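Quick heads-up: structures coming right below.
Note that chain A is present in both complexes that follow, paired respectively with chain B and with chain C.
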Partner chain A sequence: MKLLNGTRILVLVSLLLMLMLSIGSAGAQDTVTLTWWTTSGRDSPEPAIRNVIAAFEAEHPHIKVDVSIMAEGAYNDLMSTAIAAGEGVPDLAWYWSNNWLPQALDITDRLDNDPDISRDIFHTEYFNNWVVWNDMVIALPYDIGANFVMYNKDVFDDEGVPYPTADWTPEDYIEIAKALRNEDKRRWGGDRPRGPFRALWRNMGATNPYSDDSTTVEGYINGPESVAAYTWLWDLVDSGATPTPADLEVLGTEGTGPVDLFIAGRLGMATLNPGSMVSTLEAGVNFGVVPEPRVPGNENWVHGWALRAGIWKNSEHPDEAWEFLKFWNGPPGQRILMEQGLGHFPPIPSLLAEYEHADTEWYQGFLTVLDATQTASWRKDHPCWRGAVIRGVRDAWDLIMLGEIERDEVQATLDAMVEPGQAALDECVPRLGG
Partner chain B sequence: MTTQERRDAKTGYLALSPWMVGFVVFYAFPIIATIYFSFNEWTLAEPPTWVGLDNYVRMFTRDPLFVSSLRATTLFVIISLPTKLVLGLMLALLLNLKIPGMNAFRTIFFIPAVISGVAVSLMWIWFLNPDTGVVNTLLSYFGIRGPLWFWDLHWALPSVAIMSIWKVGGAAIIYLAGLQNIPAHLYEAAEIDGASKWSRFWRITLPLLTPTLFFQLIIELIDAFKIFTEAYVITHGGPLKSTYFFLYYFYEEAFRNANMGYASALALFLLVVILSATVFVVRTSKGWVYYEN
Partner chain C sequence: MRIDPARLSASEQLRRSTRQRRARKLLGHAIIYAVMIALACVFMLPIFWMASTSLKLPRELMAWPPEWIPSNPQWGNYAEAFGKYPLARYMLNSAILVIANIVGALLSVPVIAYGFARFDFPFKNVLFILMLSMMMVPGHIKLIPLYVLYLRLGLIDTYWPLILPSYFGSPFFIFLMTQFMRTIPRELDDAARIDGAGPWGILYRIIIPLCRPALTVVVVFTFLWTWNDFLEPIIFLRDYDSFPISVGLAFFQGRYSIEWHLFMGATLVSIIPILVVYFFAQRHLIGGLAAIGIKG
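Let's look at the complex of A and B:
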């Protein structure tokens, strides 16, 4: 009897254990682990990224997010390799390269049919220019930025120069830079633009380096508006009011442009970005923000950008990945990142209004800049403009920067760029399109 | 073949196998893949498309950047290679002197050869800054206005060459090993015969050092053709493409222009150039390299 009881007990315990195990394994099967590759920086520091994930996992206990936060160089290598191999691409990733976009899942239907999120919450320019590709929504935007001119109010006051306003012209820029130049204080008035056919070129009417149908550079590279813009650059270099490329290379911080010179009060004006804005704020510099200057009558352009997170098209967990994507890019995740990241600016206007310095003059200037038309609206359909065409005609830029040509040689120099520019365009368009 | 020989052969192959696996996986396969991709158009995101000889036709007939980059690289090789070989040898002769503290000198001269290329580049940006750099400041004491160095059309490439030559300590250490392998009795005998220092160098040191010189020539030749870091970190290929080196062009095509097929063709061309130059040096070595045995 005792043995029977013992056997019964053993059987009961075994059954109980099996039941518990089966419940446990059923729970484990329901838990999905997503892989998410990203990078971190001042605008998205690692603790903030992990806090967003923790908040998401608290709301979605059946989804775990296995995040890999890496340095940008390693990230690019790993993503490129995984995409080229066609395997090992994470469920979710930061799709910064246009070349990776064909690998991103089309989320148009999910976005349009999900009651939790809508494309209307996002800044229209940033949404249309950065996550709509071939008429599909292939990602959601986060952490937007733009280039704008920052001016050091103390330097202006020191030299008795009035602050620039949003309607200033490229000629104003040179005149103000000259007025701010102070050799005794080793101070330059303003910096030099980074390259042609960016926002400033468009503000001067030189919209594109080649035709909209991507067939010719003749009349664009060397058109009257382009000549005028390059001549303006020649005048700026000739003014002596700007640091040389050598000065910028040495005195600017790697990858951040001339922000250090600006913060040190050695540069009255500089074309910078939101990250620089936060650094300047932290340094206690009294500054203002205006759009890049433009010729009256031309549209106001801005070089803006947004990071974009997307789902891999071969992900085994697209539904769960979508849940995370809309959390990360939507108000819950973006609010955490804005509050915990330095200079993280969400692409959601209602959240931008909650920024801690929202009532300051410089922040309002920044918001004005965000509303300008983006150069990306053209560039995203013309992948050949930077990698091929601008590289092919870079010599004209260098010649002016080096002071190697006279003012009346600008036209002839640009005429000479037509042949290499056309060759670069003809080679690139069949390959990359646009 | 005896049992013992078979066993020895097995052991030999077993010992070789890690290297063989490494060679196949990390060298042979990538080279074969590069050959294949050079006949394709490939943007990474889409599968490669076969284009036959298109990439090579473009390279040899209608690519001005190919010509610019080849010109800049060849010029760099012509400037830096002989200079480095000669200076390396001179430095090694100095480091072979028997004076107090020589080990410290050897260490000091060797340090640049082991510092990361990026760190060296950043340091030279400071050294050669036209306004505040050490070099131009020193020149100004003699009333000389220094050039813009990396930012001067005519000085950018020589500046990169100077940087490269600055790392000559690595070569000097190899020469030093060669110098110390020359039997002392040869010098003693020459001295007894009344040979001058120059004669001893010319008739003993140099001939017996030719195997080391040969080795250094090949290593430095390959290294010079692979110049990249300085262009990437400092000059970005400018100004006016004066430092637009071949590997920098390859990098831009592959990783900025998403043109893997063409980049593969460029890489193969560089491989052929380096291989040809190396074979040429090896073939001619019979006439000038002296092996004691």
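Let's look at the complex of A and C:
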């Protein structure tokens, strides 16, 4: 009996132990660890990133987020290596490059069937242009940006020039730049466009480099609107009121525009971005924001963008990754990032209205810019523009930038771009589509 | 006592001539020093500009006329830079990597080079050429296979991928060391052998002490390459606190702007160890490189 009791006790203890172990292991299995790669820098400080994760983990105790915070300049190499290797890609990542998009999970159904989040909360154009790819939603947007003209109010006051307004024209731009130019102070009036596409869009609005059905270059790339746009560019270069490409190469800040020249008061106007607003604000410079100038009557276009975070298509935890993604990109995460990183601008209009400096004139100018039609809206449907035809235009652009052609040669120079442009289009359309 | 005027003249002439030679020599030295000081100033300009920028406000960075010595130096920029990112930690990480790599290089390179320089074995030349051919392969090509290898070994986000290769010898250093060892007379080996030394004894008692200039080159170059390495740490490391200083400095470049004043301050501090090492090692380094160049 004693032995029996002892055996029973032993069996009972064993069962109890097994039960406890199974509970323990079940608990361990329930905790999922997600890997998440993102970048930090002036625009998104590391503590803000960790605070978003802490807030998420507090709400989702069964999910842990193992974040790798990298330098901006390091991220592309790492992500490209991991994707090329086909393994070691994190559950969640920042899908900046278009080349990485095929690696992102299609989250269309999750987004459309999740009661916690809706695509309607996002800025429509930024959402459609930046996270919808091949009719699939492959990421969610976070941190939007756009190009606009910032003007230094102190420089304007110094020269007695009235501030620009949202309805200004390309000719206004040149005249103001000339008025602001001051050789004694080594000051230029304004910078010059830094890519061929901008001159076209900025000046002519609806002008396209080729027909909307992607078949014809003749009459578009060298049409009257394009000639007018490039003649305007020639006039701007000829005015001497703008830094040369060599000046910008030496004095500009690579990839981010000449914000340091602008802050120093050596550039009265500069085409910059939201991050520049924060730099300028922190430097104590009195500034304003207006859209890029356009020909009267034309639609207002803007070069805008959104960063995007997505889930790796081979993630072993897509459900948990989705939970984090919608938290990070949704109002809870975006609010923390905006409040703790002054250079973060959420793609959610209702949140943008809560920005710390929302009542300032420059911020209101920025919001106006965001509502303009994006160049990406056209470019998205015309992938051959950037990939192929732009190379043809580049030659005309460089000749004007370097001052190597006369004003009356602009038409002939653009005419010479028709043949290579058409060849590029004919080669590209079967490959990339219209 | 009368002095012969002719002898006086000769002695005076000699003195004059000596004085003139001295003056010419002095002038020559003065010109050489002046040129060298001018060149040194030119080479120091970027570092001086870096120091100057590190003490400015953002609106002063591109101001005209440029201020070489800021009128209101912002010493707080250094505290801000080191407070914003864990740069002290990153410098410590770099130091750990440097020491581990130097130890690895010193343990592996002399032994491998000794084999090539002093022993005959089958396929020695083929192996030497194969080893040399590794120098021709750009590091970027190896990156993806190495990434997969370390990932499968579970070594990603550890320092092992950044340290292990040095324990297997760098082709450049092995080549350098082999050439240097070949210039050491074999009679010294024979003498040591007669005194009872074995192969290891000859290596550690005879060869290595004579290889000090080449070893200095190995140490200094390993230091510089490891301290400045950017690509491999960003591929193999993940933890925010584990990065070396080369990666840490990149945090000052944001998405839309660069905090030049903080970046320059942090960079200036980060190059101090390099300057110190070069300062103390330059005599051996130049001597070592010259010796390898002449004898190799």
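The rule is simple: the second predicted complex is superposed on the first by the 393 of 434 C-alpha atoms of A that agree within 3 Å, B and C clash if a C-alpha of one lies under 4 Å from a C-alpha of the other, contacts with A are read in each partner's own complex, and residues count from 1 in each chain.
Just so it is clear, contacts are C-beta pairs under 8 Å (C-beta built on N, C-alpha and C of every residue); 3 or more make two chains touch, one makes a residue touch a chain.
Note that the coordinates shown come from a computational prediction; the quantities given were computed from them, not determined experimentally.
Judged by the touch definition given at the top, the superposed model places A:Ala74 against chain C, while chain B stays out of reach.
In the superposed pair of complexes, A:Gly145 makes contact with chain C only, with no contact to chain B.
In the superposition on chain A, A:Asp43 makes contact with chain C only, while chain B stays out of contact range. By the touch criterion defined above, A:Gly343 reaches chain C but does not reach chain B. In the superposition on chain A, A:Asp30 makes contact with neither chain B nor chain C.
Once the two structures are overlaid, the count of chain A residues touched is higher for C than for its counterpart among chain B and chain C. Contacts of A:Ala84 after superposition on the shared chain: both chain B and chain C are touched. In the superposed model, A:Glu406 lies in contact with neither chain B nor chain C.
Of the residues of chain A, those at positions 84 touch chain B in one of the two structures and chain C in the other. Contact residues on chain C toward chain A in their complex (touch as defined above): 57-64, 85, 143-144, 147-148, 151, 156, 230-231, 234-235, 238-240, 247-248, 250-260.
For chain A in complex with chain C, the residues that touch the partner chain are 39-44, 46, 68-74, 77-78, 81-82, 84-85, 87-88, 143, 145, 185-187, 251, 253, 256, 259-261, 263-266, 273-276, 278-279, 282-285, 343. Partner chain B is touched in their complex by these residues of chain A: 76, 80, 83-84, 97, 99-103, 244-247, 249-250, 387-388, 391-392, 394-395, 398-399, 401-402, 404, 420, 423, 427-428, 431-432.
Put simply, chain B touches chain A in their complex at residues 41, 43-46, 58, 62-65, 125-126, 129-133, 148-153, 234, 238-241, 252, 255-260.
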